[in-house]
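We just call them A, B and C in the order they show up, numbering each chain from 1.
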Amino acid sequence: MTDKRFYTASGPFTLHQLAETCGAEIGEDVAADALYHDVAPLDDAGAKDVSFFDNKLYAESFAASSAGACLVHPSLAGKAPKGMALLLCGEPYRGYAKVARLFYPAPRLEPVISRSAIIEDTAVVGEGCRVDAGAYISHRVEIGANCHIGANVAIGEGVVIGGACLIKPNATLAYCILGARVTIHAGARIGQDGFGFALGPEGHLKVPQLGRVIIEDDVEIGANATIDRGSGPDTLVGAGTKIDNLVQLAHNVKIGRGCVIVSQVGISGSTNVGDGAIMAGQAGLTGHLTIGAGAKIAAQSGVMRDVEPGEEVGGSPAKPVREWLKGVATLERIVRKKGG
Amino acid sequence: MTDKRFYTASGPFTLHQLAETCGAEIGEDVAADALYHDVAPLDDAGAKDVSFFDNKLYAESFAASSAGACLVHPSLAGKAPKGMALLLCGEPYRGYAKVARLFYPAPRLEPVISRSAIIEDTAVVGEGCRVDAGAYISHRVEIGANCHIGANVAIGEGVVIGGACLIKPNATLAYCILGARVTIHAGARIGQDGFGFALGPEGHLKVPQLGRVIIEDDVEIGANATIDRGSGPDTLVGAGTKIDNLVQLAHNVKIGRGCVIVSQVGISGSTNVGDGAIMAGQAGLTGHLTIGAGAKIAAQSGVMRDVEPGEEVGGSPAKPVREWLKGVATLERIVRKKGG
Amino acid sequence: MTDKRFYTASGPFTLHQLAETCGAEIGEDVAADALYHDVAPLDDAGAKDVSFFDNKLYAESFAASSAGACLVHPSLAGKAPKGMALLLCGEPYRGYAKVARLFYPAPRLEPVISRSAIIEDTAVVGEGCRVDAGAYISHRVEIGANCHIGANVAIGEGVVIGGACLIKPNATLAYCILGARVTIHAGARIGQDGFGFALGPEGHLKVPQLGRVIIEDDVEIGANATIDRGSGPDTLVGAGTKIDNLVQLAHNVKIGRGCVIVSQVGISGSTNVGDGAIMAGQAGLTGHLTIGAGAKIAAQSGVMRDVEPGEEVGGSPAKPVREWLKGVATLERIVRKKGG
């Protein structure tokens, strides 16, 4: 059961409604009109809760769960405890997302402008927006309808924000243009002038950074992530891409659509990442690279060369994952042989 | 001598008082009633200052120090310069901590609420709290007695904070429950919804994150660190654990009691860390792991499997430290043989 | 052409003016009095724009560019497209920096104090300063002339800031002394008490951190970077050093003059870095090391020993770059031989 301080569940919903929501088939011998009141993890769920089983690591929790209903792949249905109502679907985690959104839809935004927010006269704030305490919206900013600007956010001159965006507390936006339904988490820094210096013994000379950050629709940027604006070209994050906390994107980086960039990844200047690429935690990419669509970069990889579309790389310097792991295994074998 | 702009020393204190404070024995031939006025590093300390010697790297500084008194392990007392009053104790650094806290106790909190702080009507702020400029305290927040809420902090709806907590400037708290004597450093982000998406070519679907962050007593969270709230289960940081700057804890991570997590470590979702584990800088842990109590993870390790209680691992992928270092040495030997 | 929402170009300037600005020689057969209106990247530049060619990766863009004028090294002038006016100089990127600064000088600061900024009575703010919405300037702070303090910045008691500094939004300063022309980017945290604990099974005991952060002239600190104050000695960043986003400097670190520290680098306590050293992205250095002047640390290196002046190291644990790369190549060779 969720903490009432923070969450309020809708519902209840019948098993039939849940099945329709997530496109699942209802298992045998269960009442389609039984009511469910909440979602819960396998270990905590009770008779009125819906849960999901998607990761085989948790097979024991599934077998022992008291959840009244559970989303599960048909191939794993046989492991279910007796009496559990099953919602059979090909992608149980995706199905759970839909069910959870049914119980916990995005809260309706109250269109209140805090008395301590400062909005410059030339800024335009769309209908239905909420602006929280201490937010600062600078000159000529344009904010679309139904946005939520969190407490103590700072939005610099000329920034454009599309409709239904969430800018969480203490974030900073400058020199950027955001599409619709973008979420910027707390403390993210978008659009500062990047690390552009002409290095030299007589002093590192700052190079004016004259581009922008373009963030397309449905992007999410994690807490305390940093995205520098372009030096002349723009920095770009393609539609639907999800970026985790503490990620660094340097100037002129272009990220394709639907990419996934996990926490603490760093991407150096002018590197291009194709659609649907996945970069696991703490990976680092040097500058001016081309990463193909659908490429997969393992955690902590150090990528110093182009990566082909669909290629999977790992290690530092990064190479094809199989070669990397073979190298690891080979060295272990040599050590064992000499060791003793 | 500390900078008067920032620090004011209490005292002076006699050698006898200092010895009692830190549980040290006073060395031979020194006046127990001599007065000391301040603490200082070995290189800067003068005749009225107390210093400490704990790291053999600084043996030369110890031998050449003009410090009037010094905490030192009995086994190293012989290296002391002539005339230095010794405070002999088994843990000189711990002893120094106590002496330094005698000279520099935590400053008394002035219970002032800044006129520019915004506190919603339904929030409860305990007795003796100080709330600085621009802080925002949202609906139904509960803050215990004697807390200090720094400038431009944002505290979200329903958050609970125990007594004597320090929330430093520009930090963000949401969906979290803090125990007593917790310190959250500047810019830390606690409780945002984590990286929960059902990935897929038809778009990455956001999964509602319905848990909390529970932070137990005496925890410290570093500047710009990020701790996501649980997806359904909670994210948990056990009592007395110390977390450094720029650390990332993903949703559902459980950290035991008395752990030490050094800067830039990243821990992926649902990983469990036992009591007293130590993770050195930039280490990364994948998700759903179990790290035993007292485990030690070397800097930059990439941990992809469970770690036993007390085990020490290093390298990426991480293995027992001895094997890792043997691998490094073996490869070096092969290179030297072939090289030339 | 730059986005008029964010940038306004000065000019136009004659080719002759541009050549004088950057110390270039004008190529053959071009009109020194032709006017140029803007700078632009090679791919976007038109007949009225000035561009630069400095990285051989972009040779095709250079050969196909429609830029009216271009800075280029004399040795590469032969690759220029017909009709392009050349500005020949030894360091085209540095030259471009100067030209871009001519078109886009730092905007004149309007000396406005926002009505929602809070400045304590005992603070001194110099002439010509601008202080934005929600900034908090605490007791006894001293700020030099012509500084820009961004929105929702928090500056702690006693902090000293030299002339012409830029403190970007949502940054936090405490226990620090800044020279002139320092830029602190959004969300950087300067001066919090570092990770100083006397560890032990009976609890990790906080050690009072009694030093400062000293930042010399012309330093730049990246967004969301964290620099802890010294424990007794100071933490120091030498003049002209440039630090990128999300970098961590622990207590007592000393960085020399003119160093370059790229994003996500972490440097542990009490390490000393000599003048002009360069640390690439995600490198990590353990504590109490001495890194010589002009040393180069490769990306993702794990430095666990001292580095000589001018030495180049890479790998984790770090070793001389040639040895590191030889090790990588040797292991690859062994794998290939055994592989199949």
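Convention: a contact is a pair of C-beta atoms (placed from the backbone, for glycine too) under 8 Å apart; a residue touches a chain by one contact, two chains touch by 3 or more.
Keep in mind that what you see is a predicted model, and the values were worked out from it rather than measured.
For the touching copies subunit B and subunit C, the fraction of interface residue numbers used by both falls below half; the interface is of the different-residue type.
Annotation, subunit A versus subunit B: rotation angle of 120 degrees from the Cα superposition, expressed as a multiple of 5.
Subunit B and subunit C have Cα centroids separated by 28 Å. Counting partner chains per residue, subunit C shows two or more touched chains at residues 116, 134, 152, 170, 187, 224, 246, 264, 282, 300, 316, 331, 334.
Interface residues of subunit B, counted against subunit A in their complex, comprise 116, 118, 134, 136, 138, 140, 152, 154, 156-158, 160, 170-172, 174-175, 187, 189, 192, 195, 197-201, 203-208, 210-212, 224, 226, 228, 231-233, 246, 248, 250, 264, 266, 268, 282, 284, 286, 288, 300, 302, 304, 316-317, 319, 323, 326-327, 330-331, 334. Residues of subunit B touching subunit C in their complex: 2-3, 5-7, 39-41, 43-44, 55, 57, 91, 93-94, 96-98, 100-101, 103-104, 114, 116, 132-134, 150-152, 168-170, 185-187, 218, 220, 222-224, 240, 242, 244-246, 258, 260, 262-264, 276, 281-282, 299-300, 316, 328, 331-332, 334-335, 338-339.
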